[in-house]
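What follows is subunit A paired twice: with subunit B in the first complex and subunit C in the second.
Coming up: the complex of A and B.
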């Protein structure tokens, strides 16, 4: 990123112009909208489709929309969808093969043009999640080409969080609620005596270029910029949950034989919902598709989950046959071995796995219980050694 | 299952049989309108009474069997079909779990027969309705009431290519989330068996805002001990839960129920 960075203010017309401008630039604009009793992510044709006047009340295993009198557009928490559904779609063709007239085979690699996305309303936790998937899918030796193409062209408009939900814990993961990097534009919605408006910061030259095309005014340092900072700081204090402030990497490593895994396994449905809604879970499997003629075959990539028995299927059966081993794999990877593999935590504190778990399993509660069990064990060991 | 060996030289023969069933699953084959021509170009249909009364005695390369074993005659017939079939695939909830007629497994069949039939002595039936795999070796089981058309084509295509069919054992939630459907339990409080039910339908009911009622039977790792309290939370009493679990796959879900004193 080069050039200067601007802070300005958009009103409702400015927000309309933002969607219109991005669409005029040939982008597929995706953002939050209300559908089927939730704020989902879908293509937007205008800012009117944003969830104005809708908030959300979430708890472990429970999500409800709630009307808001203030008409806010970004007062909802993370919903059932994440941006990975667009950048890392659930099913994608990799190549196809055809039998040729002389009995040989011809291969065609998939190179359909990828959409040029603009994401509107990306939370700070999800900006971090996108950065993590960038590392996983394009930062190593084998890169996911489709992801790379979609990601390179994507324009990100962040919406800082001013209304955290009951399952949010980004503050304790260091990934929010303020948007600090990785965006082209960052909005902070304000609803006060000065009116309904959006303080906008640019984060890239592309962001500067788009802002220049929108009706906007300069930000007042006190009434706008400081008010926006205060609103986000307030959100930091109202997180519904917190990850225990311990070395999670070490905790997981020392907890592989913990009794808590049996406790959580008794409650876990192994339904896979947590991995599907997680914005960083990236695992895929491949499927080989043949048709009835036997002359055409395709290889597709599709989302998979470590909760699927087939995920570790070997000729002798699944390696992780028990629910205990599968839940442990998910949690220890997310919070611990992810560091060794990708240099960061795999959890961003968005709270989706807590909200969308039908039986309300809570990643922060499980981590706290593992911490308590380990502390107990260490205390007992210490006592035994002293008695000797 | 193990991958089938490719058919021997010549066009493989396909046979379709039924035991105690409604015919809906075998009709799914006729419902494959776009694929039927290609299919008949690859297999010789040797036995399929819903399509033709001209039948051949076998042996058959691929046999599709719908229906449960509910009479002494079914039990004899399925052994005969097995003996004449190289690769035997059972299709549908009846053939893979005993069907809705397995409700008799929880009751007294003689009492039913006396209540229903004017001349119960004419009825020759078994005390239970069971899956085909309880009687003979089965090479692959395709679930559903009825089965899914695309999955049936996948099983036949995989057989012809000599590969394992791509029919995952995971829960309906996998399909539901991939489709981006809003969870009916979490967002609406609707009771849904999706988390314990075998995928295959493409999350049909949740896509229309309804809870899954388990017509594909239990998934590869169902946890009913955790599921049932959730159904209670969402307004079902014990009788509702029993009725929900005792439909087309009654016997299969019953096997997964936690028993007193049993470890989860």
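Coming up: the complex of A and C.
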């Protein structure tokens, strides 16, 4: 994919046509929709199912839908789902094994055809998250073949954020709110005197091709393009939270024995919610499933969480037995050791882990507290050295 | 999604101790896995039970030997296999001991318990090229005499001038045991090596690795010449499941064999 090329404007009919065109191209269109009191990601059959007229109010440990009078479709913040549920599904069969008549074994790799997805309404933070999972699952010596097939076939329609949530901090992670790369089309929703419309930028040849099939008009540089830019710039200023502007990789590396881990461990339920909602958490475990004949076995992969006691099971017991060590593993991996393993941070600032934590643990607050503790410790060390 | 295992046939199943078996396997079909280097591991599938990482205790062309202790459902299933049974194999995965990089110097091979298994190919490689290396030491510790793996080989080596210069110790002696009693680090004083020109290969319980590596560094071995093999949970072997993390190290990808220079800061943090 290359940088954006064409900028145009779609109206509500254009958005309808976008969903219809993608479906006509044989794609499974997935996008935000209201279900069970939240904006979730699900297959859409038409643009009508988008959360028109719904906003969200989020805080640490709190998520509420709120009706909006303006009828906006993309004024909500990230929900409990992320696109990894589609690209790196919760459960997936890896291979099957069968006993053969001559007493041998035969193995069959899973090669069911993968769906051809179109994701509608991907936030900038989630575009970054997808790029991160690309590196984890396909960027190394071995690639996750199923992931690669689903990913290379996916068409991404970004939706830039104009209404950030109370737990959002993408601006401080450098991953949003503007969609800069990694999309086929990027939408910016505008609701002003010129009407309800979507400024659309193309990011790939496939995006150009789809746009050409939609009813659209050219964008006015001031009324549309600049207005979209301003709306996104405004969102940048209204982020609910921010990561402390420090070298997080070094901070975590220097904080492995911090007292703050005991403090957070006293609150953390080790429920794993944060790992389930995180758009980059990729860890999986495997299960052996056999049928009643005993001649057929299947190897299944499913999401796992580093908060699970069994995650580090060894014959002598779990390596990370304490909540302190499990929370430390999650946070230091996300913000620090991910760089060593995969060349980037594992956090995109989407805020989901804060919103969906049942006890309102806030990753930005924990990072700030670790920073304060380290600064304190360094000051004390300096004083001790001066006194010598 | 990963490549499916390749079927292998059990050629020999030899009981080592009450709970440990050496399984020698060969490709069941015309082709097997790419060649394994000493220290690398395979993901071995026991039909209907699951898959576990196992290093090789002998590499003989396409034939691989895994020495397995029955500590869980999958390892117990593997220990029950007989000649002719089938397993599935994926690999080779991870880093090897890189014995070649120790050419010209003394070798110190130190094993605790089942840790002897992945080290035997190092001994084999050094014995196969006696002129390439200096003195070859093999220091072995076990819980009790009955837990000693490959006891017949150890017995032969320990009672002959070598190579290898082999010393054996147990934590708890049994009636009839006339050998040494104590931890494996106590054998270092009897080893023959020049600390400035030695590579150590260490595998065993983490507490042993820590004590031994610190002792060796204290004796003057550069930390990067102390090669240790570490253990964590593994489900994939391909760097995707996330279980084998030790700080920034993914042990299935950046290990299991790593230098003490990299391992020391990680193993000094509790529950990392």
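Throughout what follows, the second predicted complex is superposed on the first by the 384 of 388 C-alpha atoms of A that agree within 3 Å, B and C clash if a C-alpha of one lies under 4 Å from a C-alpha of the other, contacts with A are read in each partner's own complex, and residues count from 1 in each chain.
We adopt the following convention: a contact is a pair of C-beta atoms (placed from the backbone, for glycine too) under 8 Å apart; a residue touches a chain by one contact, two chains touch by 3 or more.
This structure is a prediction, so every number in the text was calculated from the model and none was measured.
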For A:359, using the defined touch cut-off, is the partner it touches subunit B, subunit C, both, or neither? Pick first, second, both or neither. first
If you stack the two complexes on chain A, which partner ends up touching A:147: first (subunit B), second (subunit C), both, or neither? second
Is A:37 contacted by the first partner subunit B, the second partner subunit C, both or neither? first
Touching A:204 in the superposition: subunit B (first), subunit C (second), both, neither? neither
Please work out whether A:292 is in contact with subunit B alone, subunit C alone, both, or neither, and reply first, second, both or neither. first
With both complexes superposed on chain A, which partner does A:255 reach: first (subunit B), second (subunit C), both or neither? neither
Tell me which partner A:137 touches in the superposition: subunit B (first), subunit C (second), both or neither. second
Using the touch definition from the top, say if A:167 reaches subunit B (first), subunit C (second), both or neither. neither
Would you sort A:82 into first (subunit B), second (subunit C), both or neither based on which partner it touches? neither
Shared contact residues on subunit A - subunit B and subunit C: 288, 290, 294
Residue positions on subunit C within touch of subunit A in the complex are 1-7, 28, 45, 47-51, 71-72, 84, 86-88, 205, 231-233, 235-236, 238-243, 245, 247-250, 253, 269-272
Flag every residue of subunit A that touches subunit C in the complex, lowest number first. 92, 94-95, 97, 99, 103-110, 136-137, 140-142, 144-147, 256-257, 282-286, 288, 290, 294, 297, 299, 301, 304, 306, 311-316, 319-322, 324-325, 329, 332-333, 336-337, 339-341
Considering the complex alone, what residue numbers of subunit B touch subunit A? 35, 38-39, 41-42, 153, 156-158, 160-161, 163, 166, 168-171, 173-174, 177-183, 185-189, 192, 194-196, 209, 220-221, 223, 225-227, 229-230, 264
Quick check on the complex: what are the subunit A residues that touch subunit B? 35-38, 40, 61-64, 80-81, 85, 90-91, 265-273, 276-277, 287-294, 302-303, 305, 307-310, 323, 355-359
